[in-house]
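In order of appearance the chains are A, B and C, and numbering begins at 1 in each one.
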Amino acid sequence: MSRKSLLLLIVIIAACCAVPFVFDPEKSYVVYFLFMASIYVTLAQSWNLVAGYTGQVSLGHHAFFGLGAYVVAIMWSRHLIGYLDPIGFILAGVAASMLAVLVGIPLLSKLKGDYFALGTLGLGEIMRLITIQLGAFTGGPMGILLPSSSFGTILPHYFIALFLAVLAIAVTFYMARSHIGLALVSIREDEAAAEASGINVLKFKVLSFAVAAFLAGMSGSVLAYYIFTVEPQGFYGLNWTLYPVLMCVLGGAGTMTGPIIGGLLLTAVFEIARYFLPEIHPIFSGLFIILAIMFLPTGIMGLRPRTMQREKGGVSIGRLLTKRAKGE
Amino acid sequence: MANPLLSAANINVGYGDAQVLWDVSFRVEEGEVFSIIGSNGAGKSTILKTLSGFLRPSSGTLEFLGSRIDGMSPVAMVNLGVSLVPEGRGLFSTLTVRENLELGAFSKRSRALKGESLAAMMSLFPILTKRQGQLAGKMSGGEQQMLAIARALMAKPKLLMLDEPSLGLAPIVVRTVFETIATLKAKGVTILLVEQNIHQALRIADRACVIKTGHVTMTGTGKELLADPDIHRAYMGLSGMRDDHA
Amino acid sequence: MLKILTQVLVNGILSGTMYGIAAIGLSLIFGTMRIVFIAQGTMIILAAYGSYWLFIFLGIDPYLSIVLVVPASLILGIGFYQGLFRKVARAGQFPTLLIAFGLMALLENLMFVMFTGNARAVQTSYASYALTVLGIKVSFVRLMAFIMALAGTGGVTFFLKKTMLGKAVRAASENLEYAMMVGITPHAVNTITFALGMGLAGLAGVATATTYGFDPFSGFVFSLKAMIALAIGGMGSVAGGLLGGILLGVVENYAAFVLTGGWADVVSYAVFLLVLMFKPEGLFSRDVSAKL
């Protein structure tokens, strides 16, 4: 990320910190919007790590999101942790990354490309089903109702979400610039060559998968503390993969700023839709997705291909996967 | 002099930022065999990919039968009468020999003549008649090459392009392949041949050119280039070993 | 005991063909467009609604509605491809996949708003009729669904093996670049497979309407099951898709018999992951030409 972009990002973050003091969180919608946007940006950025940088397209991000949410829900409802307890967040992240390692090792070692994507899709469903099946422990299909008495204002949630988003960006930034990032990109570009150069491909794949899962799990827990009912349909829904993926693609996957732009933009679109067209906003969202991809298949960042070449590690997923379209 | 069937003038082609062909020019006259020779990676396949519509030149002109063809799609090229037998034969290995041939006449220009063409190919290549029910992927290298050529001919091309037909074949099979090319030549088919087997390629060529790292270094008749000492020194030492003797 | 086990087996085969027919649609589309068309299940539900409303408002017997629903699905398939996917086909499989997702979300919610979320099923007079063959009870509607699935499979197989267009589709599925060299246009084969896929969805939709209760959101799980069937049977093969579906149906039914309720589903997904990991080319495919 160039010096200019970094500066811009710092300014934006500072502005976001200032927002709740400018706009009254009780009356204004802006704070809630940025809260959700932060969660989405975290998810998008974490997905970017696995798919954009390492080239492993995972369609099971929601498994980690949901797991993180449930970890917090289960523990808080049993008073093992407190309201907005940091341990809760960390445990959520840890649980999610443990799942990632557990499932990632077999999946990533054996599955490539489409098959890996399918496998992760199945993972999401399995997690949802198991959660329902575990009955009393997880609250079954109805989920867990969390104590709402602790809730005062959105402020702590807002800052935690913001912090998480910044963390996600920072982690991706650090990894991209380090030798890890180099390894990841080389795996994405040519796995066989990477292996031949002595890179432990599996180790790095699982690493990026686990880090992404950690972040996704944490964002799940952040939302859990805010929403107060954690149930399978809402937290293991495919949307938690679909929207971040969309944000990445529209913003420009494999770039640093892509998920941020995509995240902010799409959250805005969806929230506006939900506000003005409450009955049919999912229809609108679906339509928007279709139109957006049709007209911007390589994303907003994709409109400036030259710039992307210079950005370290930046590549359009569209370009990467266009190989198939040409029948190679 | 009549208009050449195909002419390439100052073609520059690249993959993304990597340029592969630099200022390449040549022409192919109707009824002749034109060979493009060069070593691995010189850019020969890129020329064919460009001519068949899979790549677009960044500059320069390509003309076929007098009209511009640069940037036309591969399917449009087939419909114009340019057929390519790619490196690796390009067969549908999960389909039978007969099905491969039938599909060769898929293009609009050749569809109506499918029956005739099929019969003609069967008689020209008896081995295909024998194997028509077999899966294309199960045949020997030489048989596959015959099938690939026959399939390309099903499209009733005005220009037949062959990308390294001798690749991966035993010398005796290579001889058969080139005999086939000679037969086609005798029938008046215009052939653009890209080959690493310099000896065979120049022997059969009316005219030829040499490609080296994306540049055309020499053009002339087959005989001229065959006798050229520079070519002997540069290429014959490597590829001469595989050749049979006249 | 043997009788019960056979009953479960028969049920499994019958319900499995439903998955199979959905899987074949996926397989066709995957062959040419190289995406797993995640909206397939939702298309089936859309067709199911078509059949349902034809029954409710016009009194058309669902089996007769096939004559309307399938052609309509074919045309809809052509329309969807030309309208939505043609443009992005060039941009790669990922944007195409996302459009499929978008389409699924759009249709699901559109149906929800228009038809409400109440479960529907076509209740004809013969809906609960069952035959008894060799002591095994066979539900009439499920038997009909089975026959429809076989007919659909037969039709598609005939198309692929005996017609020029079908051969062109097979060729393009094997290698698109080579297919272009003989003059086969990608858009043409894409349109055909998409239309066929939708046509099969139409057939499956009628079968679904008569055999299950369904709601606008049932499609996603249907798609997943079809994917599992496809993974089991092999991505490229029509027969594989059907067999994969049947095998899945059998596994599911036995699992449901042995375990309680929802765990049967978990078993299905576990099988899915296992097959993907240990035999990604599927249990039934002859040749691994899957290019990834």
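The definition used in the following text is that a residue touches a chain if its C-beta (ideal position, glycine included) is under 8 Å from a C-beta of that chain, and two chains touch if they have at least 3 such contacts.
Being a predicted model, the structure only gives us computed values, none of them experimental.
Colleague: Could you tell me which chain lies farthest from chain C when each chain's centre is the average position of its Cα atoms?
Modeller: Most distant chain from chain C: B.
Colleague: Can you figure out the chain closest to the middle, judged by Cα centres?
Modeller: Chain nearest the overall C-alpha centroid, as shown: C.
Colleague: Can you check how far apart chain A and chain B are, centre to centre, with Cα atoms defining each centre and the answer in Å?
Modeller: 50
Colleague: Report the inter-centroid distance (CA atoms only) between chain A and chain C in whole Å.
Modeller: Taking the mean C-alpha position of each chain, the two centres sit 31 Å apart.
Colleague: I'd like to verify one number: the distance from the centre of chain B to the centre of chain C, where each centre is the average of its C-alpha atoms, in whole angstrom.
Modeller: 43
Colleague: List, in ascending order, every residue of chain A touching at least 2 other chains.
Modeller: Residues 326 of chain A each touch two or more of the other chains.
Colleague: Out of chain C, which residues touch more than one other chain, so two or more?
Modeller: Residues 175, 177, 179-180.
Colleague: Scan chain B for residues touching two or more other chains and write them down.
Modeller: Expected reply: 54.
Colleague: Touching residues of chain C toward chain B in the complex: what are they?
Modeller: It comes out as residues 164, 167-168, 170-171, 174-175, 177-185, 287, 289.
Colleague: Chain A touches which residues of chain C in the complex?
Modeller: Listed in rising order, the residues of chain C that touch chain A are 34, 36, 84, 87-95, 98-99, 101-110, 112-113, 175-177, 179-180, 186, 220-221, 224, 227-228, 231, 261-263, 265-266, 269-270, 272-273, 276-278, 280, 292.
Colleague: Spell out the part of chain A that touches chain C in their complex, as residue ranges.
Modeller: Interface residues on chain A, with respect to chain C: 57, 106-107, 110-115, 117-119, 121-123, 125-126, 129-130, 132-133, 238, 242, 245-246, 249, 279-280, 282-283, 285-290, 293-294, 297-298, 317-328.
Colleague: What residues of chain B sit close enough to touch chain C in their complex?
Modeller: 52, 54, 73-75, 78-79, 83-84, 86, 90-95, 99, 102-104, 106-108, 110, 137, 151-152, 154-155
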